[in-house]
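Scroll down for the structure; my scribbles are underneath it.
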Amino acid sequence: MIYFYNVSKEFGRGAGVYDLNFNIHKGEFVCIVGPSGAGKSTILKLIYMDEKPTDGKVVVDNFDSSMLQKDGIPYLRRRVGMIFQDFQLLRDRNVYDNVALALRVMRVRRKKIKKRVLQALNSVGLGHRAQYYPQELSGGEQQRVSVARAIVKEPIVLLADEPTGNLDPQVAREILALLRRINEQGTAVVMATHNYNLIKNTPYRRIRIEEGRVVDT
Amino acid sequence: MSYGFLVKEGFSGLARAKFPSFVAILTITISLTLMGITYLGGTKLVHLFNQVRSGFEVEVFLSPGATEYDRSRIEEKLNNSELVTGFDYISKDDAAKRFEEEFGENIYEVLDANPLPASYTVRMDTRNFDHNDVTLMAQELGKMQGVDEVQYKQAVLRLLDRYANAVLIGGGIILVIVLGASILLVGNTIKLSIFAKREVIKIMRLVGATDLFIKIPFIIEGILQGILGAGFALLGLYGVVVGTNYLLGSFLTTELTMDWPIIGGVITLGLLFGLVGSARSIRMFISEIRY
Amino acid sequence: MSYGFLVKEGFSGLARAKFPSFVAILTITISLTLMGITYLGGTKLVHLFNQVRSGFEVEVFLSPGATEYDRSRIEEKLNNSELVTGFDYISKDDAAKRFEEEFGENIYEVLDANPLPASYTVRMDTRNFDHNDVTLMAQELGKMQGVDEVQYKQAVLRLLDRYANAVLIGGGIILVIVLGASILLVGNTIKLSIFAKREVIKIMRLVGATDLFIKIPFIIEGILQGILGAGFALLGLYGVVVGTNYLLGSFLTTELTMDWPIIGGVITLGLLFGLVGSARSIRMFISEIRY
Amino acid sequence: MIYFYNVSKEFGRGAGVYDLNFNIHKGEFVCIVGPSGAGKSTILKLIYMDEKPTDGKVVVDNFDSSMLQKDGIPYLRRRVGMIFQDFQLLRDRNVYDNVALALRVMRVRRKKIKKRVLQALNSVGLGHRAQYYPQELSGGEQQRVSVARAIVKEPIVLLADEPTGNLDPQVAREILALLRRINEQGTAVVMATHNYNLIKNTPYRRIRIEEGRVVDT
């Protein structure tokens, strides 16, 4: 469902990712691992088309990076859930509205929104923080809001960038279990992480990146 | 569907970004107030000029020996002139009455006979004519049988004539400058207030909002800012009107008033400023912020 | 020490936050331009009024039998009047010459004798007097030995008298409104451009910057914005002056000019706007942002 | 050198930290551990006086939270190095200027600044990123810039909030080694972390927080 064809993304000053070739199938769970600055986030950004390849093409579902116009991108992003390394929460609205936004942009009905948002917040253990603003939350709580916003729209792919970087092992395991459950319901999951301990006992495919190149898949 | 959400977003945008919204509203208020003042002052000045120019009076004094026939010839001429909007005949007796009204003495008691001549007070509408037309007319009248003398305030006429156009052009220039300045200011302040929220646009895009979805709340917010700005401008203008009337009432023949055209104009301009300003700004920014 | 850094920060602040700075500069430019126009227009109008009022002319026609003694009495009276700034004696011959200049015919060729009376052209400075003083003076002159008639444009005088104060008060009101509006607008736009950087202030504080250290670059940036705004306003005003002279040159007796007071005034106000605006805004914000 | 006397910080809606009593001595290395939302960041914020206690008082060096005026805070912060969980980098200047800022506010001489900034960047492995802007860096790289900015001023205490949350184990160990080296030179280090693996083999004192209370010290 996700295809990388000879993809390179160069950032001018040398850094970037080079000549990526791999596929991720429907319902698969893939971990992207590698040291800091290797290019993990860049790969995820290429999938949700925040970055355009400088070479090659990325195909997600039936969205092709080499053909997709700007006004097609929102429709791609509605099918892809994203957990950002830096959370990307709106400071000017509370947790509930931050999560609900993902559904509102799709024009889901109000009642349905309420039910699903509360459900998502509970599943990340933040039901009691619905009325808080992001800056009133701890780092780990903000990260979980980002998780809730990604899963609330029931995407076909879930992209998780370091989703447990700010969480203690207990909560991290809970979040991983949550991703696993979502994966079992048919959603593909692509997780970028450096938390080897967390994934070392999982059977999931690993794509290893070093200095912008796939070294092991 | 969630159209209600978009409208609510527009309203709460005002409340969330209080300070940038406040500045946008303030700028709209000030711009509209300045334009309103320019308009009020300009129309007042034009009105004053026109009042004088449309009611310009020429006195045609008849010679003592003027006959009925002379008078009918004169009246015919006055009736046929495009310049003349009306005239009154003032007989020797009328003139005597006026004399008494003005000076408090009966002229017959002062003198044996009434030396005051009969006359016509001719009102001319000089708005579309220049002073040469009036001079010509006066000369023609002066040469007619039965006319003794034609009197009018030539100096005033020439003055009016000279400055009427200057006032119109000058007023036009100022209005254009104020309008242009307002558009620039309002447009850029709204842009700045949207600029303060570019983070919001970025995140909205990340969660899959279409451009339209992002734009609508900003435009609604802009319209609200425009309406609020117009409201405050009307209050401000009302203050200016009352203040000016109080300070200048004794100098001016008519008072400034807030008539419907100005109220309607301010509201319409406010709406337009808010709508066009926000629509243009958001369109500009949205294309600058990366997908 | 790193004072150089603070100055550099101020300069690069302009470059970093291009858009908010641009809006602040634009607002200063527009405000100063509007104030400049108000000032130019106001002084021009006052100037015009004063020109007319200070050179108000009264003609004193002498009767044919006026003696040298009569004339010396008249001149004495003129010399002693505070109203009178000067007068010219026009003899019968001078009058005849003028007649020839104006009508192209030698009066002695038309008539046998010169019927034109000798006269005084009296210039009065009416700026500090109202029309009653002039009327009184005229009446007194009229009653003097050797004076036949006194003529002056009473209507013009009354008009000037009535509107001179109105123009002054009106101009004052407008200047105050424009100045007030400018201060509000400039202050708030600078605030908004600082508001866009409150993140910077927060982080500066976290790394141990004192308030003074944070403020100085903003104030330097404000001063730069003020100077740039003043520069553009001067260009704009120059354009307005040239444009107005071009469009209205034929109506006005004197042209608009960019004199030193206005150049100095615009630069000073620009500096003040930038300095005071940024100093006040940053002081306001810095106390709002948490330590 | 750091003293907590009956310190409580309540955030209105229930959350916060309560009745903290502990000291941290000159040159000590202390780890604050506990689950997400326990109050770790709040404790650090109390030390650099980003939050004021609602009850009790915090004394750092000779700065007393109950006496300190606002204009004294900058002088405290110049002696305290802070690594923020959310990095707090200025987006409008590059890495070099971000790190140099910590010295510029202290009016250090230009030449000295240059030497120390480059040294700090090299010690976190980012010498080659000096000219990059924060938004051009990976999550881990940004975190390391935050570390560089904290150590460049040679503080008497170093507060590190989750300094390895975005780093792979290799780089995380390097950063920990760096903190250890700094500690050995006499700087006290207070590190909030949930990375048990990283610290499990270290001899450092641990303060364990749960739901705002010290449960083990």
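When the chains are written out, they are named A, B, C and D in that same order, and each has its own residue count from 1.
As a working rule, a residue touches a chain if its C-beta (ideal position, glycine included) is under 8 Å from a C-beta of that chain, and two chains touch if they have at least 3 such contacts.
Quick caveat, the model's predicted, so the values are computed rather than measured.
Asker: Walk from chain A over to chain D along touching chains and report the minimum step count.
Answerer: Between chain A and chain D, the shortest chain-hopping route counts 1.
Asker: Computing the C-alpha centre of each chain, which chain sits at the greatest distance from chain D?
Answerer: Result for max centroid distance from chain D is chain B.
Asker: Counting only Cα atoms for the centres, state how far chain A is from chain C in Å.
Answerer: The separation of the two C-alpha centroids amounts to 66 Å.
Asker: Give, as an integer number of Å, the spacing between the C-alpha centres of chain C and chain B.
Answerer: Result: the chain centres lie 23 Å from each other.
Asker: What whole-Å value do you get for the distance between chain C and chain D if each is reduced to the mean of its CA atoms?
Answerer: Result: the chain centres lie 62 Å from each other.
Asker: Quick one: which residues in chain C touch 2 or more of the other chains?
Answerer: Residues of chain C never touch two or more of the other chains.
Asker: Of all residues in chain D, which are in touch with two or more distinct other chains?
Answerer: Within chain D, no residue contacts more than one other chain.
Asker: With chains as vertices and touches as edges, which is it: line, ring, star, complete or other?
Answerer: Graph shape, chains as nodes and touching pairs as edges: a ring.
Asker: Every pair of chains that touch: which are they?
Answerer: Touching chain pairs, listed by label, come out as A-B, A-D, B-C, C-D.
Asker: With touch defined as at the start, can you tell me which chain A residues reach chain D in the complex?
Answerer: Touching chain D from chain A are residues 11, 13, 33-38, 40-41, 85-86, 131-132, 136-141, 144, 161-162, 165-172, 194, 196-197.
Asker: Which residues of chain D touch chain C in the complex?
Answerer: 48-50, 70-71, 73-78, 82, 84, 88-93, 101-102, 104-110, 149, 153
Asker: Tell me, which parts of chain B touch chain A in their complex?
Answerer: Contacts found on chain B: 1-2, 4-5, 16-17, 197, 199-200, 202-211, 213, 290-291.
Asker: Along chain C, where are the residues that touch chain B in the complex?
Answerer: Listed in rising order, the residues of chain C that touch chain B are 19-20, 22-23, 26-27, 30, 33-34, 37, 41, 153, 155-156, 159, 162-163, 165-166, 169-170, 173-174, 177-178, 181, 184-185, 188-189, 191-193, 195-196, 240, 243-244, 247-248, 251-252.
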